[in-house]
Amino acid sequence: MTAGATLNGQCASCSHLTGGMEVSWFLNPGWLIAFPLFGALLLLFFGRRIGQRAGVFASGLLGLSFLVGLILFATQLSHEGQQRTAYVHMFDWITVGSFRVGADLTLDQLSIVMVLVVTGVGTLIHIYSIGYMEGDPRYPRFFCYLNLFAAFMLTLVLAGNLLLLYVGWEGVGLCSFLLIGFWFERAKASNAAKKAFLVNRVGDFAFLIGIFVLAKAASTLSIPLINAAATKGLLSQTQKLFGPGPYLPAGIATVAALLLFAGATGKSAQIPLYVWLPDAMEGPTPVSALIHAATMVTAGVYMVARMSPLFQAGSALTVVAWIGALTALWAALMASFEFDIKRVLAYSTISQLGYMFLANGVQGYSAAMFHLVTHAFFKALMFLGAGAVMHSLAGETDMRKMGGLRKAMPITGYTFLVGWLAISGIFPLAGFWSKDAILASAWHQGQYALWAIGVGTALLTAFYMSRLYFRVFEGPLLVPDEVEAHNGRVHDAPVTMAVALVPLALLSVVGGALNLPGSLILEHFLEPVVGRSEVPGGLTPWLLASTALVAGLAGIALAYLLYVRSDGRARRASLYGRLKVPIVAAANKFYVDELYGRAIVLPGKALANFSAYTLDARGIDGVVRGTGELIAGISERTRRVQSGYVRNYAATFLIGVVILISIVVVRLGAA
Amino acid sequence: MTSVAPGFYLILAGLMFTIGVVGVLVRRNAIVIFMFVELMLNAVNLIFVTFARMHGTVDGQILVFFVLVVAAAEVTVGLAIILMIARRRNSADVDGLHLLKW
Amino acid sequence: MNLSVLIFGVMFIVALGASLAMLFSPNAVHVALFLVVAQVALALAFLLQGAYFVAAMQIIIYAGAIMVLFLFVIMLLGVDKREALIEPLRGQRQVAIGLGLLLAAEVSYSILRGIHLAGLGSGGSARLNAINQNPGNVKAIARLLFSRYLLPFEATSLLLVVAIVGVMMLARRIDAAASLFEPRVAESDTHIEQEREAV
Amino acid sequence: MPLDLPSVQLGGIGPEITLTVTALVVLVADAIVGNRMWRWYLAAVASVGLVVAGALAIAAWNTSKLQLAGAIANDDFAVFVKVALAVFGILTVWVAREYVEHEAIEESEFYALVLLAVAGMMLMAAAADLIVMFLALETFSIALYVLVGSRRRSLEAQESAMKYFLLGAFSSAFFLLGIALAYGATGTTNLYSVSQGVASQGITGFLGSTPASDLGLLSLGAVLLIVGLGFKIAAVPFHMWTPDAYQGAPSPVTGFMAAATKIAAFAAILRLFDAILFPLRWDWRPLVIGIAIVTMIAGSVAAIVQEDVKRMLAYSSIAHAGFVLTGVIAANDQGVSGALFYLATYGLTVVGAFAVIAVLAGRDERRVRLTDYKGLFYDHPLLAGALTLFMLSLGGVPVTSGFIGKLLVFGAAVNAGYAWVSVIGVLASSVAMFFYLRVMVVMYMQEGDEARPASSVGSLAGGVIALCAAATVFFGLAWGPLFEVAQKATFFAGG
Amino acid sequence: MSGAVLLNIVIFVPLAGAILVGLMPKNRPELARLAALVVTVVTFVLSIALLVQFKTGEAGFQFVSHRRWIPQFGVGYTTGIDGISLWMVMLTTFLMPLGVLASWTITSRVKPYFAFLLALETGMLGVFSAIDMFLFYVFWEAVLIPMYFLIGMWGYERRIYAAMKFLLFTLVGSLLMLIAILALAFAARGPLTFDYRSLLSTPLSLSTQRLLFLGFFASFAVKVPLVPLHTWLPDAHTEAPTAGSVMLAGVLLKMGAYGLIRFAIPLFPDAAREFVPLMMALAIIGIVYGALVAIVQRDLKRLVAYSSVAHLGFIVLGIFVGTIQGMTGGILQMLNHGLSTGALFLLVGAIYDRRHTRQIAEFGGLARSIPILAGIFLFVLLSSIGLPGLNGFVGEFLILVGTFFRYRWWVVPAAFGIVLAAIYLLWAYQRVFQGEITREENRTLRDINLREVAMLAPVVALIVFIGVYPKPFLDRIEPSAARVVQTLRHTSVVSGSSSAARVP
């Protein structure tokens, strides 16, 4: 794989791309992909032989990738800010006519952040899975899929062109499908897996068309070149600058960006394609943590940041921001009335992804990335915590059957507490800083409405997470009947699981250090790629931060009133009485699944049935068979003409003669 | 010698030919049918002779001679076939023969 | 109106009448006899048109030999059998008569118009008369028959051989068990049964 | 005035004389020698006669001349047809060898009639005079009436002979009327003087100036000639006898009829059109096109519900007549050579097919229904294979001669600007393919219900089947030489 | 050995093998099997030698050999391959040993079975290598007969119906093509010839071109098949024995697409150009319609069959869009479809061997009892729905991007076909392999055996290889494809007078 790696500047498709960083055979981003891919293949073919060592094996390989990531990161840091990009052309992939796409990797500041998150959090979750999946009959296969996922995710992250990005994009979708449906015997799981894949396909369909638009308009799929062309297109509007190379007119850039974003709404579960993510919780919990919280679902966010010049070139960003904001609010509402612990987390994820898109939409790319990173920490943490809870409660996910678990399983409880506070935006945990950065970006862009939605969502977020936390971990001990019946003691997370929980909790606490308002490490690091985002100066940031914090605290307070205080139940009842309709609607996911079912699935099925059994079987094939039957029928009729009576034969003969003679006579008469 | 226009002979021949045709179609006795075929041949003979006169040659008359031979040959074989069946089925009705059909 | 016209008229009526009578006589013997009448009338027509030799042949071979053969076979099969004049085949008679009339009309029309178009007048009669004078009808026929029509003449021998061999074959008794008068009932009946089933 | 005898060149009718003599020899030999000799000697004598006749015919190759007072035209066209007829005759004799034995048919008379029929057909192919054509037609027709009825134990055979005879006589009368009208129009029955007459008496010019005038006697006569010959080639609507006669006739005779009658009658049609009608082609072509189309469609369509194999092949032969007519309407050398090629190869195929049927039919032709062929492939793979080959050839599938024949006639029509007729032709042949496939379905894809009595394949019949199969493939692959010969077999004075 | 000789050897080795198999003793079926396997493998190895000798970057025919055949009619035995036919030949020789392996379970009438299978291979190879159009037609039709017998004798319940339908449907089309071929040959100036290369330069009036194009199209459209001429396909594919289905889907359908590329477009460029919108519409209808119908099929094999309708729609789309990407993608997709759908049929056959049913409702939860087969099925399915990184994506992407380059809006319904493909295949996968095992019979199935590994592993490997590194394929296809695209894009130089001169 890396044998084909050449120094940058030598490939056909990126010959005029020069990054500052040189790569050698070992200092090569290709290894990042190679390790987990190798692991996946090995586990695929020899999984049975590797057996229980599969977990360690897979974790180790991803760990190696993390190590490579760190080395590359260090190498990057040793270069100047503008010289930290490496382009790798591994081999020509699809080259026909003027259309040339290679297997190109781009390692820059943006991608290294993602790489570290994917490999780092990924490794932790791998390790967690060693314990979590223990005893599963398809244990090696699970790690095979996880490794494969990592490989595809890294491909997505490192892709130097949109087509390779698409490879990763669909590849992670595939792994998501495989892992959601890992317990395929369950109808729910296999349905959820199929739903995830299909909904994503719809998004990918738009994404693909976006690729076509760019391939035609920009004559290239290379991400840097497209970005350059888009920037040039933007400049040309104001400055009438026409430099060498293609440029993208703003209109086309908008169309392309929106199509790509439509893909992102699928992958990152935004309105209108978010419906698959809650169902995806049917998969094993580490999968939910890794794929459906920390990494895969953030691919859309990453993609928008990656293609930011393109998005900026037109007016696509407005759409991005609004979709993000609305999704954030929408999902938070649904989360507030959900009782399935994992589904709450899923809606929360959707909501938080909405934040990230909001950030992207207001050009706060580094804020988006910042939140992406911190979210990866605390959401993975909470998922793993939820997994630990389920693990000890025989797979139970209904939070109404739980309570007071913090004392029964302290590690889980306290780490979850960290996660809860972090996502609620409580100072000084990671979530506070990243959320604050997003809201600040929105405010600074003058998008006050978006900002308001963001704040409202922050309140709701704090509310539903507190609701979750209070119900599950606080109050009197309550465990599901089955667990009691089995007389099983509620146990805390085993070591392999704790090993993942604790570091994630730590990261959730200190993650904010990445981008503290004073230092802005991450932002400065990313600046060469995504540009500088203007940070409001003066007193404003403090006010904004305080507002967010107050919103968070208010949410917690509300939850406290409703779920911890002894009169909470009564209050809830009265609230329910007054707001019955919206609450029922929210609890029923606003009937969106049903709407899709009625509006798309049912008519689609009807159309398919009509095509297959009416149009095809009766219509088209009916014509075919009808032709045959018609001929046979005529044949059956004509055979009766052959009556067997010789005088009839003579009569037929005579008819023929008379017809022929008549023709002659008629022409004779005409003459 | 004669002043009757050949056209009349031809019309006679045409009518007789047609009667032959109709006879073949409406009669049921094989021998009778065959006799109507003979009538058709006779009608053609008249045409030959008439055309011979019109052309002023005897070619047409010679053709009649050949028709006679053909008729004779046909009659022998035809009657043999009819006889063969009639003896077996004790009838010369052609409508009774329709084993082969459809 | 001269004599020949009168003779023609008589011939015409007799020939046509005999033909029509054939059509309507239920008895095969009558049909044969009417046919003989028609042939004699035709012989008259031949005579009228200067075909003396052929007229004689017509009487001798047709009326004399062939018709006798017919009568012989009719006798063999039973003289008194009358043919039922009902028509079992639907539409057969209507088709026959309708098409017959059409055919007669068309043939007559096109022949008349054809001879008109071809410009064939009655000028040939004179030439034929000349031939009949010298070298004479029979001689002229003989000359042509053995020169121009030599091959057809030879071919008639082939035809006659075929007829003889054919009749030989048909007339032979079927060897083995089956007799001519005792059809292989079993076999033919099963076939008939099969056909019935097929219907 | 001395008798002006024409120079009697008997060489011109050498093949016919040879065959007649052989027929008589066969009859006499049987009468004298009886059964005391080698069982095959009659067949051998007949075959020798046919071989000699064929050789004599070949000797006339490339010597195109009108002979015997212009009564016959020994052109290459005639030679081609005659050789084909001789081959069909030999094959028929061989197929019939064992057949006549178990059907209790008089062997010597059977052979004699086949020989005489071939003689008549040869005469037909060479006939340059309408009256010769008529006599030849009657000659082989009478022989065939008898041959069709030769299975005298069977009422079906007798019925078919009767029907064939009555309708044959009926159509002969029309043919004769046609001759009479042509004679009336031109004053002669000779084809070539007819055509010369047309030219020399200025009638052509006359026709050319008033296009209707040839619609008089000549075109009416021509129509009736077409009717008479159309009856022989089994063109719709003059085909009604065909299914019944084919079904009732002994299978070897059916094969012979399909192969030999067809080529002889088509030879006459081609010559007729070539000699008389080509100058009038705009008059007759629509009629023939109509007949061809109706024939192709009716033959193909009617065959698909047939359960009796012989009857089915009878309808198929009707359809094939239509296909060949497609070549005829092209009215050019390409059409003529295509039709000749088609007829020659079709003959070989169909003789082979009926040989297989004859072998399988057993005593009294009891097993001729399609259901009797169930699972044939598993009992008699070679017979089934051969029959498959014949069916594919009849269907016009490549690598068989039938494909080439269709290619040539349809090609001729396309080249003459009648592509649409060819399109109808191929559509009809697709329909026709259905029943050929049905035969294969039965043989290969269905299990035999009961134990089939093993059919004994006589060595001669087996040889015929093998020969025909080989020919079917050979002329499907290396068809160049035969095609070249067919191309050269153009008319003496044609075009 | 020169390439030309080698090509002819490749074509006729299977036929020789067929005769050899036919001559084997009846009571030793294993000999016939083995012989068939050896012959097909040898053919494949020989064709590899062709591939090695093939000069990349040349557009014209290579390994051309010419023999006089019927000089009287201008027919020659002329063979040769270019970048388009090369891969079709390779596909054929590659799939054939797999087909033989899949036929190991045939126990009745083994000898004729393999004889027909081998004869079929010669026919297919001939179709792809014939330069003389008469020869092409001969091979074209010759393919039908063995396939007819394969379906009719070794198929399933409705095999006879299916075989009949298959043959008659195809025959109607090909006979119309025959007429068109004849008309074309007669229309050409100079001595009669059927040599494709000479006929290419035949000037034809637009109206003649239209008619002849339709004549060729009739044949190819049935074979491809394009909606609404497709209804023979589900029946034939469903009823055929496994190897028959593989060959039908893998190779026979490609003959139609190949014919369009090789003949219909270059011979009648003006008409082809005129028909482009119609062709594209038919292709897109095929994509959407085939997918829709496939969704609700109850028979697994039938579902795969309908998926072919959709996939072939993509191929035809690529062929007619008139961009090099579309054409190259279309041709590559022919190869891809042969591999992935061929493999799907192999898998369905393998499952049928175990359960003797193809009804989806009879399955469920099979991933539990036969996990490896399920995995391979999923893998092939992913290739079929165009998962990037596997072969199907490369082809489909090229087709779609090629389409987009010229016809912006057409691409939307076409690309939506990819979504539909995911729906029907995944749903089928779910119903067959996922969920609980509902029927006891399904619980104790044997998983993959060594023979099936041998038969599926090469396909799987190629699927990945083409998906990851299609360059060797694309590089060989592109020059030849470019020529065809040229003819589709530029107006030919036929002038009114020259065409008028030919009209009789």
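For reference, chains read A, B, C, D and E in written order, and residue numbers begin at 1 within each chain.
Convention: contacts are C-beta pairs under 8 Å (C-beta built on N, C-alpha and C of every residue); 3 or more make two chains touch, one makes a residue touch a chain.
What you see is a predicted model; the values in this text were computed from it and never measured.
Engineer: Could you run down the chains that neighbour chain C and chain E together?
Structural biologist: Shared contacts of chain C and chain E: A, D.
Engineer: Give me the fewest steps it takes to get from chain B to chain D if each step has to go to a chain it touches.
Structural biologist: Graph distance in the chain contact network comes out at 1.
Engineer: Find the most central chain, measuring centrality by the gap between its CA centroid and the centroid of all protein CA atoms shown.
Structural biologist: E
Engineer: Just curious, how far off is chain E from chain D if you go by their C-alpha centres, in Å?
Structural biologist: Between these chains, centre-to-centre, one finds 42 Å.
Engineer: Measure off the straight-line distance from the CA centroid of chain A to the CA centroid of chain D, and report it in whole Å.
Structural biologist: Measuring from centre to centre gives 78 Å for this pair.
Engineer: Please tell me the distance, in whole Å, between the geometric centres of chain A and chain E computed from their C-alpha atoms.
Structural biologist: Centre-to-centre distance between chain A and chain E: 37 Å.
Engineer: So what's the Cα centroid distance for chain C and chain D, whole Å?
Structural biologist: Result: the chain centres lie 28 Å from each other.
Engineer: Could you say which residues in chain A touch two or more other chains, in rising order?
Structural biologist: 639, 642-648, 650-651, 654-655, 657, 661, 664, 668, in rising order.
Engineer: Could you list which residues of chain B touch at least two other chains?
Structural biologist: 17, 20-21, 24-26, 28, 33-34, 54-55, 57, 59-60, 66, 69-70, 73-74, 77, 81-82, 84, 88-89, 94-95, 97-102
Engineer: Name the residues of chain E that each touch 2 or more other chains.
Structural biologist: Nothing qualifies.
Engineer: Mind giving me all the chain pairs that touch?
Structural biologist: So, checking each combination of chains, I get A-B, A-C, A-D, A-E, B-C, B-D, C-D, D-E as the touching pairs.
Engineer: Under the touch definition given earlier, write down the residues of chain A that touch chain D in their complex.
Structural biologist: So the residues of chain A in touch with chain D come to 631-632, 634-636, 638-639, 642, 644, 646, 648-650, 652-653, 655-657, 659-661, 663-664, 667-668, 670-671.
Engineer: Note which residues of chain A are touching chain E in the complex, please.
Structural biologist: Residue positions touching the partner: 91-97, 99, 163, 166-167, 169-171, 174, 177, 181, 184-187, 190-191, 193-194, 197-198, 201-202, 204-205, 208-209, 211-213, 215-216, 604-605, 607-609, 611-613, 616, 620-621, 623-624.
Engineer: In the complex, go through chain A and note every residue touching chain B.
Structural biologist: Within the complex, chain A touches chain B at residues 639-640, 642-647, 650-651, 654.
Engineer: For chain D, which residues are in contact with chain B within the complex?
Structural biologist: 131, 134-135, 138, 142, 145-146, 149, 152, 155-156, 158-163, 165-166, 169-170, 172-173, 176-177, 179-181, 183-184, 187-189, 243-244, 247-248, 306
Engineer: Can you name the residues of chain B that touch chain A in the complex?
Structural biologist: Per the stated touch rule, the residues are 21, 24-26, 28, 33, 94-95, 97-102.
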